[in-house]
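I have placed the structure first, in the form of structure tokens, so that the comments after it can refer back to it.
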Amino acid sequence: MSEETKSPPPGSAGEPKPAGRPWVSPLVTKLKTRYGSGVFEASTCLGQNCLVLDSSITHEILNILSEEEEFDYCVDITAVHYPKREKPFDLVWILYSFPRNQRLRVKTMLAEQESFPSSIPIWSGTNWLEREVYDMFGIRFDGHPDLRRILLPEDWKGYPLRKDYGIIEQDQEWVQANLGIESGQ
Amino acid sequence: MPDSTPHPSPLELSSPDKTFLDSNELILNMGPQHPATHGVLRVILKLDGEKVLGVECVIGYLHRGVEKIGENRTYAMFNPYVDRMDYVAAVSNGLGYCETVEKLLQIEAPPRANYIRVILTELNRLASHMLWLGTHALDIGAMTPLFYTFRDREEILKIFEKYCGARLTTHAFRIGGCLYETYDGFERDVKKFIDFVPPKIDEYEELLTSNRIWVERTKNVGKISAADCKALGVTGPVLRASGVKWDIRKALPYAAYPDFDFEIPVGANGDTYDRYLVRMQEMRQSLRIIRQAVEGLPEGPIMAKVPKVMKPPAGEVYHSIEAPKGELGYFIVSDGSTQPYRVRVRPPSFVNLQALDLMVRGQLVADVIAVIGTLDIVLGEVDR
Amino acid sequence: MLDYVTSYLSSNTTPGQAGNLVWALIYILIVFGGVSVAVMAMNWLERKALAHFQIRLGPMRVGPHGLLQPIADAIKLLTKEDIIPERADRLVFWIAPLIILCASFAVYVVIPFGPTHAITDLNIGILFMLGVSSLSVLGVVMAGWASNSHYPLIGSLRSSAQMISYEVAMGLAVVSAILMTSLNPSGTGTLSMIGIVEAQQRQQIWYLFKFFPLGFIAFAIFAIAMVAETNRAPFDLPEAESELTAGFHTEYSGLRWSLFMLGEYAAMIAVSSIAVTLWLGGWLRPFPNALTGATWDLAFSLFPGFLFLILAAVAWVGVIRMPKHPYFRVQTLGLAGFGVVLGLIGLVLFVPPVRDRIQDIFWFTAKVAFFMYMYIWYRATFPRYRFDQLMRVGWKVLLPISLAVLIGTAVAGVVL
Amino acid sequence: MTPVATPFFFYFLAGLTLLSAILVITRKNAVHSALALILGLLAQSGLYLMLYAPFVAGVQIILYAGGIMVLFLFVIMLVNLERSQKEEQFNRQKVAGTLAAIALGGLFVAVFIKGKALFPASSNQIAEGSNTQQVGELLYGQYMFAFEIASLLLLVAIIGAVVMAKKRI
């Protein structure tokens, strides 16, 4: 617990602070002894466990979670954009363990243009989920075999789920060129 | 770890003419307008004769930016939007969203509201499965079950219409409970329906379950192992047909499900036929749940105390329910304002569709159709 | 000239054999007109019967109970824009539907609707029918190739493989029936369509029941193979709509498309006629051996008239049940008129000379209609086979059984 | 039945056969060639009919036009036509071709000059009705051995095709 108080997660300005309690479990203790200050936070909020990790060790920890701690099902990968923060992206994994019947949320923070190792080797189902994160936020995943846009057209410009992308904004050039709508709206 | 090797993109889309009729390889573009892709799914098949070497799904034709809309609406205003994702199981979508926001607000719906929610959600599961059965059978070439299932689904839609005025995108629930009290004769209608449906399900099974052609078309088609299901994140009846006895209604219960006694049907082989049987069994189990719920429907309020202006405390929450297609999850981040900071929907169809490539490799073109049908995808949910 | 025309009336054979061109032409017009009408009726019946299988009503708007729907559809198809894909092979694209149409209509030349009611009788009649109907596969292949599109190409590859495969089992089943015609003192069989029915008449048995169950198995094989030959459910893979949108005729529209449909339905009627001729005694009335004698002959010859009267009664019940509202007046009048026409036909059928001439045609048509109904029934009930399963059924199930039946028939013919 | 307009039908069918034969070798598109070949085969079967050989005519239609040519088309559609058109063909044997054509032409001229004397006179006298039986009796009686040898040859061809096509039996 001492590390947590010593080194708060960098650049937490603008981020909503969850009102959670610290999460105490053998898993957390194990991770903390192994990685020390890389584990920024382990909390339980509204009955849900959450780990906040340093981006450099997250991939390794995901590997451990999958192989040693039986988190054999990656429910979802998503991201949250906090434009005012120094590291503006939260990358979130929601994991589930069939043997333990337990959910776990893993978060890490990424800077603009920072890429992250793909988790396809760990859970092959993360392929499309990572593509969607790339599509919507522009976060790149290293080692992804097929990192293309998935929901939006391939030559679309901009990443719609970033906070600086307005609700009625769209790639007007694309709309004009491909849909033949003059106004681009 | 089970088979978790990354599978590369099956097709080199950049040079489609390179492979055309070359060494018997053929690229077949199926969709986005195609009778059997259940909407606007585009599947690019790489074929060797009739054998499938790989498929690539092109999705997004129905993308409406639901998650972006969610960030620009208040919590209550966003509620009707979620119905438009999986439009054949709109009630389940609404339930998932309402429960997630309730969790964030730390309120709980009263018991009567929970019972009504269970009844309507299970009715919706029946409706969704009926629609699946009809279209799946039509894809495999049996026309008639489609009309039978639509006839019986109509009865469910009538109950919805009487309850909330809408048939498809119902917006049946509100954050904190239900807006509408049950109408006069609701219990009678539901009871009549659950007495009326079992013989109809027998009728479908009579047409299909032991039909030789049906069995030959579905047995050992689109097989997927339990390990592959878990690695790919496939949930719902597809996972259960592979032998994993996992249902969120039992594993992480929500609403009033702990009160009811029901079983999780599981399959053994993980093939299309097992998925068919699992869904047929699920329909019967749903009827069982509805019967218990409607017989034990408690009296009391149907709405919890919810502030007029909803400002959940800052925080984040992930909550998921067992939608007819699988795990439907909502991840909502609140910054303490009236609008969600981020809404993420974890759509079961989107993740399940990913398994298509694995399931149809080495099979025939006709099996692709069968497998798309058996995955039970709704493109509104895949594309959001 | 008049003598030439009337001379045929006293002859006792088909116009083709009598060499009477005028009557042959008249017969050709009657048969082809009749087949076209039958196709339209079949179109209406299929939609109506299929609808009732599926708790729907089917066409109800055009004419009473949608009776005029096929005509409305025909007009619509004829006036539609004729589209030829840009990169299609125009000549082949143009010829393909004609080939299918010609192939499926040409077989009617030898179909015997009665002992003398056929355009002609060839001594290789059944061979001619199988040969010409096998030509329609050419049309399918050409249509698929000429469209220059993937779905039609795959559809036509499938259908050519399917039709060639099922022709084998079909041919063997036919041979086993032909073997039965040689069971006479002289020991010579016949390939002539009329000759086959006459052989059944002489032997006083439909070949369906000959050497039971051998004849029945051969018939069953033929009945399965003919569904596959005509690309109908559950063997409708070439046009499996859920996989290949419409198979080989995906790119066709309007008139050309309707030619495909016309050819398909005409082929269905044609193969059913083969089955009726070979196994169900052609124009012979039911129970030719058990219920003999002049009384029974008279009773059966009154049957067609009564059937039409019953149909007229059904139409009149419909008239009574029509809502009494000015909006329905035209429909009610139409249905009443239809009933009157049916009733008049029924009455005409009681007149002795007509009665004697028409009853062969009636029994033949009734048996064919049974097959047509079966086609619709299959379509409502069965899912579609997959391609490899279809091939397996054709080569590994039907072919060995039909070979065994052929050998069994030969042995039975020698021993019994 | 008395034949009607025999010369007309003969010249019509013969002309059709020749025309389609020419089309077969002149068309660039292999599918068009195949279609012309089918037309030629059909015209030939018409000629057989005129020779009172309806069984042969029927078999010609079933086997050649309906069966074999469909397989031809099948194969033509599957192979890569664009490429095969560009590739060098090995039929540039002008000398051999000319010699063969001259020999065949000489044969035809000889037949034309000698006329009917070359052929047995009996072939015209088979009655229409018994034609099929006669073919059967000849095939399974006098020419039994040749018939069986031919079917053995076909069996060899089938096995060879299977061995060549299948990588693993």
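Order as written gives the chain letters A, B, C and D; numbering starts at 1 within each chain.
One rule holds for everything that comes next: contacts are C-beta pairs under 8 Å (C-beta built on N, C-alpha and C of every residue); 3 or more make two chains touch, one makes a residue touch a chain.
Keep in mind the model is a prediction, meaning the values are calculated, not measured.
Chemist: Taking CA centroids for every chain, report which one is farthest away from subunit D.
Modeler: The most remote chain is A.
Chemist: Most contacts: which chain pair?
Modeler: Chains joined by the most C-beta contact pairs: A-B.
Chemist: Centroid from C-alpha atoms only, then distance subunit A to subunit C, rounded to Å. What do you get?
Modeler: About 66 Å separates the centre of subunit A from that of subunit C.
Chemist: Find the geometric centre of each of subunit C and subunit D from their Cα atoms only, then give the gap between the two centres in Å, rounded to an integer.
Modeler: 32
Chemist: Counting only Cα atoms for the centres, state how far subunit B is from subunit C in Å.
Modeler: Roughly 45 Å separates the two chain centres.
Chemist: Can you compute the centre-to-centre distance for subunit B and subunit D, using the mean CA position of each chain? Integer Å is fine.
Modeler: 61
Chemist: In the complex of these two chains, what residues of subunit B are touching subunit A?
Modeler: 1-9, 59-60, 63, 65, 67-69, 71-72, 103-104, 106, 230-234, 244, 246, 251-252, 313-318, 320, 327, 329, 331, 333-336, 341-342, 344, 346, 350-351, 353-355, 383-384
Chemist: Sort out for me which residues of subunit A touch subunit B in the complex.
Modeler: Subunit A reaches subunit B through residues 16-20, 45-46, 48, 50, 66-67, 72-76, 78, 80-81, 92, 94, 98, 101, 103, 105, 118, 120-129, 132, 136, 143-146, 149-153, 160-161, 165, 167.
Chemist: Quick one: in the complex, what on subunit C touches subunit B?
Modeler: 50, 53-56, 150-151, 154, 158, 233-234, 236-237, 240-243, 245, 379-389
Chemist: Spell out the part of subunit D that touches subunit C in their complex, as residue ranges.
Modeler: Result: residues 1-2, 4, 29, 31-32, 35, 38, 54-55, 57-59, 61-62, 65-67, 69-71, 73-74, 77-78, 128-129, 131-133 of subunit D touch subunit C.
Chemist: Can you name the residues of subunit C that touch subunit D in the complex?
Modeler: Subunit C reaches subunit D through residues 16-17, 19, 21, 89, 91-92, 95, 122-124, 127-128, 130-132, 134-135, 137-138, 141-142, 144-145, 153, 156-157, 160-161, 163-164, 167, 188, 191.
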